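When the chains are written out, they are named A, B, C, D, E and F in that same order, and each has its own residue count from 1.
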């Protein structure tokens, strides 16, 4: 089988504009490798820049959902969307952030029925409702989230992260994006 | 019926950080009103900023797809996703950019069968394949697009716009976003 | 793009049997044009006659649902069925009968979540239940309609109109029926 | 279990307006019983009249499809729509018209894969395409029918019968219509 | 049309290993014919043996569900799965065991809405939930079954029979298995 | 979160009838633990016995598909069915048998598009066709498998394993079966 990372080729760190080279360099420094999503999106620096900005605005936010909960939304919706890159890469991050080596595999294989505490369940239910059949998303979905104690800001977080990964999942499907080898074993 | 613009309230132009106030102000100046998506996303300036950057990177790009073709992707996928805000707002823009007062209604009501020329059909087919059942998106979809003469860069455009509006549609469903009254009649 | 009205050709007013020529002539007189559905079905006068009879029995009935509510059922189910002809033609009639220039676009783009008053919501929910996954239609759907105050006769109306347009939508898909230009702008 | 024929009650032969009493009486005379669909629709004579006219125009037509082929369309689409009344009642008629006591059970349980000759397969494929996901119905469906030798008039027949039973199936689901006992054993 | 029993040919009674010849012989003795499923699976004696063991363990069990209720589960899920062999063969057995000549046709054509008593409805609902969209199967499905009075052992029965026929239905679809002529008329 | 292994409790090795105790004991000896499926099914020894027989007849067969290919079928269809137990447990076995630590995660997250060689792709396509929408399974699915060089016996293997795990997946969903901790890390 081929080792192709993206159907549209990759742009290596040193080929990126300076601001992106620096920014992705910091991530690569921490992880020890450049996540393939950045190599694939590097083909279009303006889009990579906006992607990073959107990602950081939602995934690095300190208020509201915990970091692990943010990754829970990503892994649940990416599992439902059958997005291999996001399941493998964010599965790794979820293992690390949740300190639970099994959670990602259980969430991604069946987000609808994975056993979670009440708050986790409410987060995942809300995310799936918006991710999967979004034309039907409505007041009952919001009411269930509020009943489980989610604040308006937390609901926005769940919804906006779900929306961002509706995009990311499709970018990964578009490019047939290959997860970096390193992700598979992280946090196990 | 209520006149609510967004489930999470709105942020008016004058409440936005200066850079966004200026940027959205330019759009409002041209259109004669502030599109409601900006009033809804203004609640989170960092997210609105990234959204605008992503939007402009894809929708204002001068290479590849024409401006009308970019809107065609938006209206087709938003129709399939049953996103009222995007159908109404981008339907208006498509009417203007295509100089065809009927195209938007026909595309949004049935993107799968609307009569288009070969290139238009290929663009919409590619967009729907990635938008709707994205886990199945694969080489045959790309091959069909290439057969119709789309370049790699145009295929990326179609795919990336589809992905962006997979996100936008879900933000609109999350917020129950109401289209501005002005959009309904524009370009008819 | 072609200007084809129906895949199976059209029959003009003067080619119809006398009773139909007169009957469709009255409609054409009021609207200022012959709606394309009659030109398409004219190929088979006996079927056109039965279609008109069925249509009038349900859409011109004075008891029960208001005229606007009848069109609401048509636009909601035709939107869910992605029937361009019915969305455009009956969208026009709904705009006129509801005196609301936006309602049709909002109903047709997302009938599941369009904001309606309680009675309107109950009508549309009942119609969608029967239209979309009709094998599951059952007592809970009827109970919800009754709870919202619909009478047995009104429930029949909603159900029978939904059924009639399950047929009409398929006739329009069969013939790739093109809406008359006049419908697009009516009542805006 | 209840013996209820229709959720909305029934109208007996003698309660019908004279023209319908006579017309349904002829059918009852031939079958030996009044098919329940007429007892259920009798609640609204104008609708029953239009229904009978439409039904006769399509099911009793002498050109084009054979009588058995017309029933094949009905049983295939009613099976796919899980309509018990139409499967049982028209299954009986199909057994009689095809002189094949097994065909109806095989068609209704799996219309997609039931073994048929080439013409029968083309008829059922066309009917299912229009019945099930009608927004996707398009030129390839028509081309396949033409390749199997169906004329334009036969294609119209298949499409129009499919459309009529999209309506009938929903009327039966609306009323929870009970098949007459007699239908179950006819033609076996 | 062909008289093919299975896409992979059949193995007749006398070709089976002795234990299977005897065992299937007993069944054939009682029915008067060898059900085609055994002729098709005979190609792989070890699989036929395991199939018979599994089948008997669940369908001949004396505790818990009645024999008729076991067949109700089979016919309901096989109807939903559009499995002609199982609908026809187990429909016959259901007619005999329930002493109701109509029940099988009504259950198989629309298991979701067929009128049943409360216990029957609970059994069928549980079976359909596990059969159709099994990733969503969860506590609410079990709670509904318990509310209707099903014991844990009866719930296991319904679930395990549903699972067994998820397998059987696929074996029948794999082999395009033809029901024996005798089944069609049994118990009518 | 609970540590519940099965909704219906578990039966430990020493509580099983002697033949099963010995047979499952051998497996436990090799793996170092008793796979939870056996502890859950032990509640019904006759069913566990048939399950083991069926499993061995198909998964331990020496002709035809390789052992790794048999697990490929299991992981692909269990991924499509969102069955956590089977994805985790058979994912571990696939890692070991394929000597590829990444294959299971890639297959289970998106079996439709995972990159495989031609034979692997044909095996998975056949399995998914039968697993997912089995009413549509037909000659074109078989023809594609034969074109890729699969023999009739290999096609039977793929089909029968798919069928067996249509059952297993539902047993796991029924019992909310928890994968043993050991499976998560095996073969990585």
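Note that a contact is a pair of C-beta atoms (placed from the backbone, for glycine too) under 8 Å apart; a residue touches a chain by one contact, two chains touch by 3 or more.
Treat the numbers as computed from the prediction; the structure is a model and nothing was measured.
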Going by the stated contact rule, which chains contact chain A and chain E alike? C, F
Counting residue numbers used by both copies over all numbers at the interface, does the chain A-chain F contact come out same (over half shared) or different (under half)? same
Using just the Cα atoms, superpose chain B onto chain C and tell me the rotation angle to the nearest 5°. 180
Find the chain most remote from chain D, comparing centres computed as mean CA coordinates. A
Hey, which chain ends up farthest from chain E, C-alpha centres compared? B
Between chain F and chain D, distance of the C-alpha-averaged centres to the nearest whole Å: 43
Whole-Å gap between the CA centroids of chain A and chain B: 22
So what's the Cα centroid distance for chain B and chain E, whole Å? 50
Can you tell me which residues of chain F touch two or more of the remaining chains? 82-83, 110, 112-113, 135, 137-138, 173, 176
Pairs of chains found to touch, sorted by chain label: A-B, A-C, A-E, A-F, B-C, B-D, B-F, C-D, C-E, D-E, D-F, E-F
Complex interface listing, chain C residues touching chain E: 135-138
Interface with chain A, chain F side, in the complex: residues 1-2, 79, 82-84, 87-88, 101-102, 105-106, 108-110, 112-117, 173, 176, 179, 181, 184-185, 188
Provide the residue numbers of chain B that touch chain D in the complex, in ascending order. 110, 112-113
List the residues on chain C that touch chain D in their complex, please. 7-8, 43-44, 46-47, 49-51, 53-54, 56-58, 81-83, 130-131, 134-135, 137-138, 142, 152, 156, 159-160, 162-164, 166-171, 173-174, 176
